[in-house]
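One structure, as structure tokens, below. Some questions next.
To keep things simple, chains are lettered A, B, C and D as they appear, and every chain counts its residues starting from 1.
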């Protein structure tokens, strides 16, 4: 890839130029990676028209053909996995090892989509269960909802796009995709794969530009039947309030936590907690932000954790040994430092980190942060983790639940009663016993409660949201 | 029941007086049926507080106890069925025979709810289907969503309330119910049954007042986790736009149609079409408003249909022989007459009806109405039905689909190929082959596409909307 | 009930006399309870003819009517619960308190059946998932299998009959029931309730007589489409081998075990283990027969368990304070004593019990029994329980699995890892963590592996076995 | 492939010689295709030991690995599709075009298996639906049943093997496969693919020899947990009667029929009926054997059908233009001719065919055959089809149902009421509206009623039969 390459919009199966362009900079090196088209209102409209017109074609593709298209995407991505990982490393400053793991997961996501395309089905309804329903055959079908507007974030530029495109194509819908401004390259890359895989023209359209312009237009247009968004709660809620009767799926943020019980073997869990807290600089929806350790193990945990943090290598995302690289933007580095400062002012201690190196925020551990501090109650989306001690698991559960978010939470414990109690009481979308909250495989139902979102992803669950239930009844009474 | 009875609000298991009252008039006789409390902001707040505080109690009731409460409501309603029917006949001017049928269906609805309360369950997820998911046990549970704000219409004052309360209680939620202004009596009646049935205090609260005040407050309050509304599209959309991240279910209107193919035996289907068009004065969400008859049968159909209309008896809702009584309000009579007038001006013919007798609009048949006329493209919600001829079923399907609504549609045909084609092409929530669109049993999935709504009712489907999916994972890797 | 009452066969909705009779004696008092008809070959044939002819009627009953019949049985049984319990106490020598509990569960069983009758449904199959399957609509239906021969045991004369009749009637089948020779009264009693509930003639037929004659005839007759049997493995296997292509469900025996881990609070679990071991004299399929206690708790457990056994009251089944009464037959008392003797000869110790009082075998605890002894490897079906110590849970799991049976097993542990390991490794139909194996509610899937049986009961699961899957495909290609 | 090749048994991942061999002759040319090992009792025992010992390995493979093995088999088979088709053409005399279609379907079958391997899951059970079930978490898991003995027929030597191996491996079982004596080559071929695909040693074992020796040994061995058999009813029933408590799935024969209603366009359906009747010489379980035509269309149908039969080309299976080749054995040619003779003697007419050319039986159409003739009431498994006239569809349905078989049946009709009536009344495993009975895609539930079999295949359904349901309950009461 040349850094001066001029990318094109992908509309109705064509690669088209735009009126204006904006340079895409590497978050790490600040070099220009490409020139990205800024879609005009007309471009976006054209994309929507194309998607609208491709509806019938997509709806009539047999399941095995939709599946075959997705299987071909899987193959193509397997072949070009290194290229894909490098793109992500460059545009998102994601350490290359982590980027490769994302590619592997993206392959899984499309694979699950290819398979679920063949499993969309309904059920029969025994209408004679009610008086008046005799002699009728009834069953449900799931029809594609139509045109889906997909708005995706920078942090998993391949896999979170796959969680929109995979189920949408699997269920016979068409898509207008607006990727995050910082990560357009991987979106255009995947469009190329779909093109090669034989996706009908218009079924996928990719338009880049600002969220304000492109995003709002997608949300407002009445030809769009559903909006699926992953990003911040603020934007998510505003989308919901503008969406009218459109269906809306929102995967928003969190300040995920793990609880560590008194008898747990600390050595065994440290490496996993490190991964949870610092993977991709903490820029993960279910990044581990808060750790609540039973007082009997608190000191040991902090000591060992800090030792482990010291071994993390910061640097160039393309270097395979790098653990932590640049944040997605300078602005985020500054915001993070301010939040750390606020915590310090409020009496919290920075056990390690708390400084920047260029756009890299050094892995940071904060002790004794109060629940009201931004580093605790907001989503940090940076390599910052809090460790606090608790005197009981009940106390820890209350602290975890005292949040406007509720995506996932983890609990390390050997006690079966504690485990079930936590599973019941933690008010989140997913509870992980003996694991960090930062666990996701791509077929599991994923999504949060409270301000963490609305609806569930995970291919089969997303397909349910992307299809309309139709009831068909044959009356046999004559 | 005395006409001067002063009703009380039902909050936190108590019957409480309000600051002010408004008389409830019979739509048919205009006599005062009762004095209805107008809930203040404080009253509504109190109801929400009560519901919020009862959450934990309800969530912890075992399924068999939630079921038992609903079974007791079933028993009590069976015992007091005549009283219930009379209430509905009086406050809604629903002909008593139809009102009795509503009571019978309401019993079914609560019965299905009692049974589904015991069938809420999740599934296990084979996480090892993805690399990285080995040695984990995962399963889903469905937790009650919390406090549900239910806003219900006048046309099925018992059964459409049951479609909110039934699944809400079945799934362990609590409810703040605002019934339609014209039909509060049946709502308070059902609250009484729940009280006798042993529902925990605060689990059901009934507050009456204007939609503007009470309804808006329910929609805006952050302690309400879900709003379930049945009513007009305008109000429905405005609720959606104000609801933030609250879950919202909307059952809105329609201008439902039936298509009649050329070989169909007209005599056999006339009685059913009459029921579809004029039952409860056409004030039914899936009332038959548009009839498209193949040209080979058009003349015969119109003649026989008009003959049948002539036999309908209009009058007092309490008279068992009455087929058609007063519309719900004077305003609706006037609106209906204006729409008929507009149709006539535009060249349509009134084959029969088109006049009022007091608040009764005589059953009205309009021929040759254009698709753009209000009687065709809006929801009439009055005893008005259009009959139009078509030269093919394809044409008819296009006419049916040319609507901003899409709730249910019927097709009478003997031809198996036509039947499946219609089932596929009709863009509605439910297609009825060889039946009118005005068919519903209370366990089937019910709801529309386009502006007919959002989400599905039918107990099991409503329960799904009223519960939150939680994923629980046990990691066995050590 | 008079002891000299002469019972009648119930065939085709008629109560008919037989050629010969046999006296039914109380296992406890040896008094004659009734004269029981011995069905001839002709009687049984007549019952089969009746069931065969009623097939069509039953298959065409709408679901809500099948459900209503079962709901009426529920009501009638609630009204006559005391009478039912007394019958069971008399004919089976089941302590009256336990008999009452059985009646309560039987009510649940029929209630679940009434509800599941309305939930039998199929699913649609997306045939276009395979090339060549385009443009086809496909779905499954579940049709009643036809005539079911039900052969039931003495130990739950009401509830194990309910587990055959409930699902059979719910799914539109007809039944020829042969109850255990010792417990015909409750079978005729339930037939009476079905008759009052309006079950169509011929849908249920009850014929008493020897297993050899009546049972074999049922198994051999080609008009019987399915045999459902609960009883001994020997009889079960012989039924299977004679059944040809008939469907067969077998619920056979077990020598169920519980494992007790080292940190468990012994005081808390003793009462439950006592119930598991001695309820209805241990004559329960999932009776607790083997207890494996971690060596650190073995001594404490034995001491406290024996103390608790001493408090059990033996005596008349009609006395509400009786815990343990007579075994079902003298023969069983003798067999039990022989097995105990064999154990003693082999070096095991009888900690308490090991003697008879009339037909009552005193509650017996045996320590140090070897796995090869009959009291360990056979199903004792008597108030005998073994307690053995183990040095690890793994050892205990191996001992539990070293059995030709595999119905249910329990594990008491606080450790979450141990719990999951046991759940995985125990080779049984049901694993109970922190409970005895003697747990069953009537809607759960129930049944064993190895010689414990074949197929699952629990209403919904039994219905699946009692229905035939039919696939219906509409080809729309022209 | 050389005709003198000596094949080896495949046991425990090794290719092993046997004591003795038997030549495999081409049914068409009688040339020797290979020398096939005759497994001794020791060989079979060794295969069972290997399968038994591989159980644990297979049970512990994560789903994604089981799936990956099957995906690799899919790839390998795609690469070697021509070779596979040729093997089938040679050993079974299946016309090469048909053999290629079988390979394509076999690929689908393994593909579905690969996908279903990742979808085996259970569900949670709300135990608190019953009193006494409070505070318990319960869910089901599906465990592999263990060692599966698979006995397969000659007619789809690849795909019917795939319907055993696919689901067995997908669900973590191990297999001892005994292919049909006439078609061992394709079985060894597929074993080679599994070996290359990395299936653990012992998970698949292929042993050839006589049904009497090898088959009986498999059925009798207690280490075999399930027998899955496709073949004749006689053998099937005898297997069932010897199987003890083993699970048994039987896919047996049929004399499948199609019904043709009066308004059907005959020209359109003739080609499909020809395929149904003569594909692979009628040696297909759901081959079209009986055609019942409404009297108004009978003459037209017969004339056009005979014209079409005349165009069928008989000859060498390797010739791409061949439609009909040799029957599987000389014995079958003779049997077929005898049955035709019996029909003629009884008054039936042979409209065309009825003669042999070498081992080819010419495509034969018989008119006016009585229901009691062997060609009608037995499974012909030869290119013979009956055409009979009926005066009503009801009459036709009765004739179809008057059979000891019930696999699939087809009905051609334009009338929606007739279609549903037939779907209800035809007593078969699968009803095809507007299609021949000879339709199958490999994921649909497939299997018959009456003597057509027991259990259902179609990957997901077969997996259900090949797994054991285990219930796991965590008691949270303390």
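Following the convention adopted for this analysis, a contact is a pair of C-beta atoms (placed from the backbone, for glycine too) under 8 Å apart; a residue touches a chain by one contact, two chains touch by 3 or more.
Chain-to-protein mapping (UniProt): A, B, C, D = Acyl-CoA reductase.
Since the model is a prediction, treat every value here as computed from it, not as a measurement.
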(request) Could you run down the chains that neighbour chain C (Acyl-CoA reductase) and chain D (Acyl-CoA reductase) together? (result) A, B
(message) Quick check on the interfaces: C-D is repeated by which of A-B, B-D or A-C, going by over half of contact pairs matching?
(response) A-B
(request) Return the chain whose centre of C-alpha atoms lies at maximal distance from the corresponding centre of chain A (Acyl-CoA reductase). (result) C
(request) Could you please state the distance in Å, as a whole number, between where the Cα atoms of chain A (Acyl-CoA reductase) are centred and where those of chain B (Acyl-CoA reductase) are centred? (result) 37
(message) So the centre of each chain is just the mean of its C-alpha atoms; given that, what is the distance between chain A (Acyl-CoA reductase) and chain C (Acyl-CoA reductase) in Å?
(response) 50
(message) Distance between chain B (Acyl-CoA reductase) and chain C (Acyl-CoA reductase) based on Cα centroids, please, to the nearest Å.
(response) 45
(request) Can you tell me which residues of chain C (Acyl-CoA reductase) touch two or more of the remaining chains? (result) 118-119, 125, 129-131, 133, 140, 416-417, 419, 433-434, 443, 474, 476, 478
(request) Would you pull the chain D (Acyl-CoA reductase) residues touching chain B (Acyl-CoA reductase) in the complex into a rising list? (result) 62-64, 67, 117-126, 128-131, 133-134, 139-141, 413-417, 419, 433-434
(request) Using the touch definition up top, name the residues of chain B (Acyl-CoA reductase) that touch chain C (Acyl-CoA reductase) in the complex. (result) 115, 118-119, 137, 416-417, 420, 443, 474, 476, 478
(message) Residue numbers of chain B (Acyl-CoA reductase) touching chain A (Acyl-CoA reductase) in their complex, please.
(response) 104, 108, 112, 125, 127, 129-133, 136, 138, 140, 236-237, 240-245, 247, 250, 268, 419, 423, 428-435, 439, 441-447, 449-451, 453-454, 456, 461, 468-476, 478
